[in-house]
Amino acid sequence: MIDILYFAWVRERIGLPRERVDTEATTVAGLVDELRAREDRYALAFADISALRVAVDQELADFDAPLVGVREVAFFPPMTGG
Amino acid sequence: MIDILYFAWVRERIGLPRERVDTEATTVAGLVDELRAREDRYALAFADISALRVAVDQELADFDAPLVGVREVAFFPPMTGG
Amino acid sequence: MIGVRVQTEAFDAGAELNAFSEGLQAGAVVTFSGLVRDAGSMIAMEIEHYPGMTERAIAAIAEDAAARWSLERVLVIHRHGRLQVGAPIMMVATAARHRAAAFQAAEFLMDYLKSRAPFWKKEIGADGAEWVAAKASDEDALTRW
Amino acid sequence: MIGVRVQTEAFDAGAELNAFSEGLQAGAVVTFSGLVRDAGSMIAMEIEHYPGMTERAIAAIAEDAAARWSLERVLVIHRHGRLQVGAPIMMVATAARHRAAAFQAAEFLMDYLKSRAPFWKKEIGADGAEWVAAKASDEDALTRW
């Protein structure tokens, strides 16, 4: 089981801030493929992966990052702090 | 008649902050030559012109600046503000 | 000494600057403060963040800056939630022996906070709301460090 | 809006920052404050200046910065006379639409104040006093602008 968090317009498109999923994916990219296949709102949110950033256990990561032992994955648009 | 001002160690070496002089010099460099010839303390203060800066009527200037119509000339070491 | 605060409450930038400068050995203090800019039709700004990761990311950036520029102190305050036009959004402060280090560290902090701390700004206007898009220039700014 | 103050009295950097930021349209405010550094044997710092020229030189530098970086506001405060260790010497503040302009303008102001405003610092120690020598690096810093 992995906690998945969504922020900003990713959260709005998917319609929820977080969920717990049971996944067989071994990488973030594999997890994205599983989510995309679920429903249109996921397919829409993940349509253009280049517009998204991902954090694995609260550290910025790449989409090919492994999911072994991971507890939390977050998807969001590029950050706009400061 | 021109007002001459001295600051920082130039003031200390010459021993006064300002004086009024009657000069025939047509440039700052000419004025420096006149001052140097006066007394040792002036010769000492103006020994190394490259260590000095000059302002003519409160604007930074070069040593070859003309003195025509000038009311105030100031000599001082490089500034250390901020 | 590294201070990091992530909060919804307003802060008093002047009081923060004075507290930050108190008893310093260093001679140079630089601050940056960001305010909600008055962009015409905007009513407010809403800032979302990633609790937990935000604090970690900012602390990592601040520690990096402190080490690189031998800072005596560094402070980062960043708000989230709904902010009115003109309100303070965030502030950084750096204290170093010399001015170049204090300036560079503050610019470095700002460049990293812009693109690497998990905050997302949304502009609330009279006609609706819009997420602020990240600028390519902000990403590019990181390449200089 | 350009503010220039040359004074012997102490100033409250925090209060200045808050007053400076009040009612701004700009979103980015940068301050630099310089304190008398605690350099070990030093008891105090004595700052001499050139009354009249000082104000003119600083105003010219500030106007130049305001024009070059389209600043909404700029403030320069510089003290002279005898200052204790840890005391505030001077402060600049800049307000601009974007952070890069506010940072650059503040660095420009500092570089010019260091080498082009007629102030001379003397360090008063237990064993005597010594004029602070200008650094070649401060003169070199001007070439970047």
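Here the chain labels run A, B, C and D in written order, and each chain numbers its own residues starting at 1.
Note that a residue touches a chain if its C-beta (ideal position, glycine included) is under 8 Å from a C-beta of that chain, and two chains touch if they have at least 3 such contacts.
In this text, all values refer to a predicted model and were calculated from it rather than measured experimentally.
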{"item": "If a chain touches chain A and chain C alike, it appears here", "value": "none"}
{"item": "Chains contacting each of chain B and chain C, listed by label", "value": "D"}
{"item": "Gap in Å, rounded to a whole number, between the CA centres of chain D and chain B", "value": "26"}
{"item": "Computed distance of Cα centres, chain D from chain C, in Å", "value": "23"}
{"item": "Whole-Å gap separating chain A and chain D, where each centre is the average of the chain's CA atoms", "value": "48"}
{"item": "For chain A paired with chain B, centre-to-centre distance based on mean C-alpha positions, whole Å", "value": "72"}
{"item": "Contacts with 2+ other chains: residues of chain D", "value": "34, 99, 110"}
{"item": "Contacts with 2+ other chains: residues of chain B", "value": "82"}
{"item": "Chains grouped in pairs wherever the two touch, ordered by label", "value": "A-C, B-D, C-D"}
{"item": "Contact set on chain B toward chain D in their complex", "value": "5, 7-9, 11, 55, 58-60, 74, 76-82"}
{"item": "Residue ranges of chain C in contact with chain D within the complex", "value": "12-18, 21, 23-38, 86, 88, 97, 99-100, 102-103, 106-107, 110, 141"}
{"item": "Contact set on chain C toward chain A in their complex", "value": "34, 48, 50, 52-53, 56-57, 78, 89-90, 110, 113-122, 131-134, 139"}
